[in-house]
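Here come two complexes built around subunit A, the first alongside subunit B, the second alongside subunit C.
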Partner chain A sequence: MAEILVKNGFVVDPTNKIDGEKMDIAIKDGKIVKKVNERKAKIIDASGLTVMAGGVDIHSHIAGAEVNMGRLIRPEDHYKDAVRKTKLTRSGTGYSIPSTFVTGYRYSTMGYTTVMNGSFAPLKAKHVHEELNDIPLLDKGTYPLLGDWWFVLENLAKGDIEECARHVAWMMQSTKGYAIKVVNPGGLESWGFGHNVHSIDDQVPNFCITPREIVRGLIKVDKMLNLPHTIHLHTNNLGQPGNYKTTLDTMRAIEDLSTDGKPVAHITHIQFASFAGDDWGKFRSGADEISKYINAHNHITLDMGQVIFTDTTTMTADGPFEYTLYTLSGHKWVNSDVETEASGGIIPFTYKKNNAVNAIQWSIGLEIALLVKDPWKIFMTTDHPNGGPFMSYPRVLAWLMSKKAREATLKRCHKKAQKKSLLPSIDRELSLYELAIVTRAGTAKALGMPNKGHLGVGADGDVAIFNINPETTDIAKKYKAVRKAFKESVYTIKDGKIVAKDGEVVDNTTPGRTMWVDVKTKQPCIINEEMKRKFREYWSIEYENYPVSDHYVKVSDKLTVEASV
Partner chain B sequence: MTEFKSVVCPICGCLCDDLEITVENNEIVKMKNGCAVCEAKMVYGYKSEERILKPMIRKDGKLVPVTMDEAIHKAAQILVDAKYPLLYGWSSSTNEAQRIGVELAEELGSTLDNCASICHGPSVMATQEIGIPTATLGQIRHRADLIVYWACNPWTSHPRHVERYTAFTEGRFEKSEWKNYMLKLKGETGKKKIEAASKRLGQYSPPPRPQVCMVDAPPKSIQKMGRKMIVVDVRKTKTAEAADYFLQVEPNKDYEIFSALRCLVNDQELDIDKVGGVPVDYLKDVADAMINCEFGAIFFGLGLTQSLGRFRNIEVAIALTRDLNRRTKFVISPMRGHFNVTGANIVFAWQTGYPYAIDFSQGYPQYNPGEFTINDLLRRGDNDATLVISSDPGAHFPKSSMQNMMKHPLITINPDMNAISRLGDVVFPAQWCGIEYSGTAYRMDSVPIPLKKVVEPPPGILNDQELLERILNEVRAIKAQKTEVQTKVKGEVRSAAKTVKKTAKRTKRKVA
Partner chain C sequence: MITLTPLRNFDVPVHASCINPDEFKSKTLKEIAELPVTEGNRNLTLSDLFKIEQDKTETPSITLNGDFKKVKRVGQGMKTGEIIINGNAGMHTGERMAGGKIVINGNADSWTGSEMKAGTIEIHGDAGDYLASPYRGSGTGVKGGYIIVDGNVGNEVGCYLKGGVIKIKGNAGIFLGYHMTDGAIYVEKQCSSRAGAAMTGGKIILAGAVSELMPSFTIDSIKPKVKVDKTQSVAGPFYVFLGDLADHGTGKLFVSKTNNPQLAFYEKYL
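And now, the complex of A and B:
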């Protein structure tokens, strides 16, 4: 494989505490190495440019049944964004839910090399993998929804954590998943009969268990199994006014589970979980309370779920939440319950500056990201496409790094939002170093990926080079130029190959790997005739046809972990 | 002798995956658990004498066997030469093949359509209008206490639907209605026996034929706790006989009935006595049953998509389901026919954004049912070559469509000599998907299920995916050659032009 030497760039690599030093980065055989043979290597002159590791997205809905249903029901979303076939690339459509190929191209030209798919129902695991295979240029992984799976509910209700852990291990392996996803714990099962849970101590109908017990149980399971990532949690009451209290309750309920000062849960799209006020009329931000808590504790990481003012498509496994959106908007609404496991819903949605609630939501995401002092605790996402499509990341980065950029947007927002927003009182502007943390270093660390998010020797040969000269540009003032720079990387290198240049794909031969976790439990989950019978009772397909066999994963990147049960 | 368990039936949208199959000498000799339709294909049909065993090309009006290479080259040549080819079918093939199909269409700049175009295309369109609250079949099995089959007859079209997923299954929260049904059946046969006996005794007078309204009033039982089944249709089918209540509606009046139910569910009064031949009082009972159930499910079939109103029928059915969700839990689901027509919609959507009726002529996917749907294209006579895979429009399409299709070259890929294969100019043999090769299909509720291979295909026959890949490669090779020739010709023309210019200049100078 070709060798590459990136010369003279300003390297920003927070994992290795490198902050804009002028350095060379050498890549050989798809990995970062100490040095390469300068005469043989392809030289990239990066002088005057910023060099970072390839971006790592911790939560983005790019593949699977729910995402594709979103594509299917929204031709009007695609009409405005047709993507032509080229010599190298496939055609497709873009905007809020791009087709698979286009998803790969667009992430890659923004300097991203790894994207984690936010959720999928285990029963439809093959679907998610089939789509991931069709997303080129990225490494990817995906999180199975396990918080309302009957086996989990029953074992936890019985108090049999070890048995629960063995089942989760089996599921992780069978669906080729990466982390335990929990969405509105207990709420999805309740939604089976059209109900929901409203606090972490509500009983889940028919199962004698509460959301608190589910979350605590699965955190213990996650630890027993030594999974690389913590549980990935979408809290109860998401999207409801006043829900920041539920979020605080949830965080408090798991405080004691972190024994080594390490995080035990990642709460995703925190913006949607930080609403204060008793109803939509009194809607306000709960950012202050949430960020204060996070600043005082170390057992949680977050991602933003930033809202963008645009037409987008909301989609989540939180069926009852999407139902609420439907009753509020009357829009076209998809509900998709999945037997024994999960629910799901889709609603197209336009966030408007002149809508008070939307504008406050926009403010909340930024407020938390800025008020949480430690950038290793909160990462940049839009919960694509829920808050807005991932193509808007550069806009979010601009707001994070520039007060001027925030002011420019805020002054066009609804008066109420302007009055209530905490943003005018926040002076913080993220540096390039911090931006690198919230987009790659921090996410890779939270995901337990030691070879990603940094440029140290041995790391994956995933590099992004941006047209930003930190010596001559004040990024806070020149936010427009920097925003443009993040839109199109000068170079994106994936596994030691230049795949994109100046916003265009130049090499489309890298399919990207699918990362999944193979958990070795001491005592395997016993699948006897009794289990198979139970299986047949619970699902509508046979046990033998359930697992995702190897041929569903084009390039498999298996991470084997030893469990302690 | 080999036994296979958990084999998937590659026939209807139920994709039953519990078949037990016995194979002897590379032949299926026994099948357990499947329905009669399944047995007909899995044990007998696939061995048909009409099986195509060699690729064929039409020469002087006759189909003659050729080598695979020759057939592939010919097919690719036809597709490259055509200005606007059309690729159609896909619903009885695997996702893996469909993926290549999209790539081929894109490479050719052709149109791409699947069988949804003539079955549940209207359902897709309605979903694009107002979404769809739905659920996987297992969810319905566990929870539904009210099941409504509307304008469909699963008893014959999806024979195991009722027994595997709805009224006659055991769920976690709902029990099977099988026993009650047996009792009812016994009662009915008893009645019939008595009738027959009294006929023989000469005491029988047939009940008077109802003049206006053929609808019976809903029985009390549709308000009871536990599972209930209602069938709405224009005629009494086998499924209707099994139901607690059969609501017979006048043909083409479904839209009205749905609208009336919407009014009633939303507590509005109707100032008329009858809608679509049904007394409003009866509809009130049905609306009550719907509101009072814990989990309701509507399944609908082609009786809605193909009757007056088409996608508007589905839209109003979904609208009713949406309304009902404000009162209780309700879902709705189309009864997809072919075993992987759902998959065709899904695969097309993830690669292009659109589920069917796609055009690539501009280099990017465009979607417009009514314009890029196969019958509309054919009837306008727009396309100039057709490839049909795993489908038989020859047996089902209107004459006008077929006439136009036949004016241009036709390539077919099907396991046996069905109507369309007989008409083909290049006729490929194919393996039986889910019997002779494996792959993935999506059940009617979008659950992916792995099809199994249980016997070896006849020698020399490729599966759909392999075949399409080879056609695609050949298309690319021919196109590359073409551009090479073109650039060469262009180059020659250019240099010739230069020489002409030069000589012209020289002559000018000379003249000067």
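And now, the complex of A and C:
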């Protein structure tokens, strides 16, 4: 395999505490190495450019039945963004839910090399892997929804955490998942009966369990199984005014589970969970309360779920929340109940600057990201496509890095939002170093990927080079240039191959790997007649046909972990 | 004035959104000839497909002579000027137009005037489906402007209409004014079923026979005449229906009393 030497770039690598130092990065056989033979290697002159590790996105809905249903109901979304084929790349469509190939190309040209799929119902695992196989140029992983799975609820209600852990391990193997995803714990099961849970101590119908017990139980399971990532949590009451209290309750309920100061849960798209005010009329930001709590505690990591003012498609397993959106917007709505596992909903949504609630939502995401002092605790996402499509990341980065950029957008927002926003009082502007944390180093650390998000020797040969010269450019003032630089990387290198150059895909031979966790429990999960009977009675797929067999995953990257049960 | 004449018959769709007065303005004949168009999957220039001539007259800005049925997106997004099509027009003609005028001396295909904001479209023949309606799945309706059709129109005309006036001198198909919120539609002759389904505002005036009325409309009154826009009012009498009640709508559906004796039973509810 070719050797590459990236010369004289300003290297920003927070994991190894390198901040804009001029140095060379050598890549050989798809890995970062100490040095390569300069005469043989392909030399990339990166002088005047910023060199970072390939981007790692912690939460983005890019594959699965839900994503595909979103594509199906939105012909008007594809109509405005048709992508023609080139000699190397395939045709496809955007906009808010790009087709699989276009997803790969667009992420890659932005310097991303790893993207984690935000959630999927285990029943639809095969569909997810078929789509992940078709997303080129990226390493991928996916999180199975386990918070409302009947076996989890039954075992946790019984108090049998070990048996629950074995079932989760079986599921992780069977669906080739990466982390435990919990969405509106208890709420999805309740939605099957037309109800929802409204606090972390509400009873889930028929199961004699509360959201508090589900979250605590699954955190214990996650620890027992030694999974690389913490549980990935979408809190109760998401998208409801005043829900920041529920979010705080959830965070307090799991405080004692962190014994070594390490995070035990990742709360995703925190913006949607930080609403204050009693109703939509009195809607305001709860960013202050949330960020104060996060600054004082270490057991939680967050991602933003930033809102972009655009036409997008919301999709989540949180069926009751999508119903709320439907009653608000009256737009076309998909509602679904996934047998014993989850629910789901999809609604197109347009975030508007002149809508007070939408504009305050925009402000909340940025407020939390800026008020949380430690960048290792909050990462940049838009919860693609719920807050906005991932192609808008450069705009979010510009807002984070430049007060001027924030002011330019805020002054065009609804008057009420301008009055209520905390942004004018926040002077913080993220540096390139902090930016590398929220987009790659921090996410890789939270995901437990020691080979990603940094440029140390032994790391994956994933490198992104951007047209920013930190010595001559004042990034806070030249936010438009920064936005452009992050939109089109000068080079994206994946596994030691140049895959994108100046915003164009130049390689179509790199499929990217699918990362999944193979948990070895001391005793295997007992597959007895009782379990098979349940499959027969409550699932539309028999036990024998349920697991995703190995041949389904085109390029498999198995991480084997030894569980302590 | 620029005159375009097709050099041959087109078998596959031609995408020519560059045929637009704003685009042609301040360009030389040579520059216009090199504007990009696609025929099927082939990238071509305007002069590959059309004979281009220029003369000194100011209006109309563009004249298209011949059959343009396969040529899509003529006048897309135009803001000023005038296009005259002496022949049939293709799909998406005048889509998203924000001003100016398009005259079609022939038939218009589907999605003519889709998502338009202002301007005038005159169709001196028939129009296809989705006249003044958004693309499938979209809720972005026509915001304003004026469309007049001498002939018949197809199905789903004026969907999601938010403003503007559509006058149809012939017959209309099903789902006329589906989901409209404002604006006015006037049909002189027959109208097929489900007119005004899911409408929440605006008015539909049906001066001819109506094949079926949605059950989710309620009768309000009988009026001797009704105003279409500032310049035209139509003599009745008209039944006035309100709906669509299934969507808590307050749209008005005026149906001719004389041409619809089958609706006389509604009068007992007045």
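By definition in this document, the second predicted complex is superposed on the first by the 564 of 565 C-alpha atoms of A that agree within 3 Å, B and C clash if a C-alpha of one lies under 4 Å from a C-alpha of the other, contacts with A are read in each partner's own complex, and residues count from 1 in each chain.
The rule is simple: a residue touches a chain if its C-beta (ideal position, glycine included) is under 8 Å from a C-beta of that chain, and two chains touch if they have at least 3 such contacts.
Note that this is a predicted model, so its numbers are computed, not measured.
In the overlay built on the shared chain, the residue A:472 is in contact with neither subunit B nor subunit C. Legend: residue contacts after superposition of the two complexes on their common chain; A:543 is shown touching subunit B, with no touch to subunit C. Once the two complexes are overlaid on the shared chain, A:560 sits clear of subunit B and of subunit C alike. In the superposed model, A:74 makes contact with both subunit B and subunit C.
The wider contact with subunit A, measured as residues touched, comes from B rather than the other of subunit B and subunit C. Note: residues 73-75, 77, 79, 331-332 of subunit A belong to the subunit B contact set and to the subunit C contact set alike, using the contact criterion stated above.
Within the complex formed with subunit A, the subunit B residues making contact are 5-6, 8, 17-18, 95, 99, 103, 106, 124, 127-139, 141-143, 164-165, 170, 172-173, 294-295, 322, 325-326, 328-329, 331, 345-347, 349-355, 360, 362-367, 440, 442, 446-450.
Within the complex formed with subunit C, the residues of subunit A that make contact are 73-77, 79, 331-332. Interface residues of subunit A, counted against subunit B in their complex, comprise 63, 65, 68-69, 71-75, 77-79, 82-85, 90-93, 97-101, 123-127, 130-131, 134, 192-194, 206, 323, 326-327, 331-340, 346-347, 537-545, 549, 552. Subunit C makes touch with subunit A in their complex at residues 134-140.
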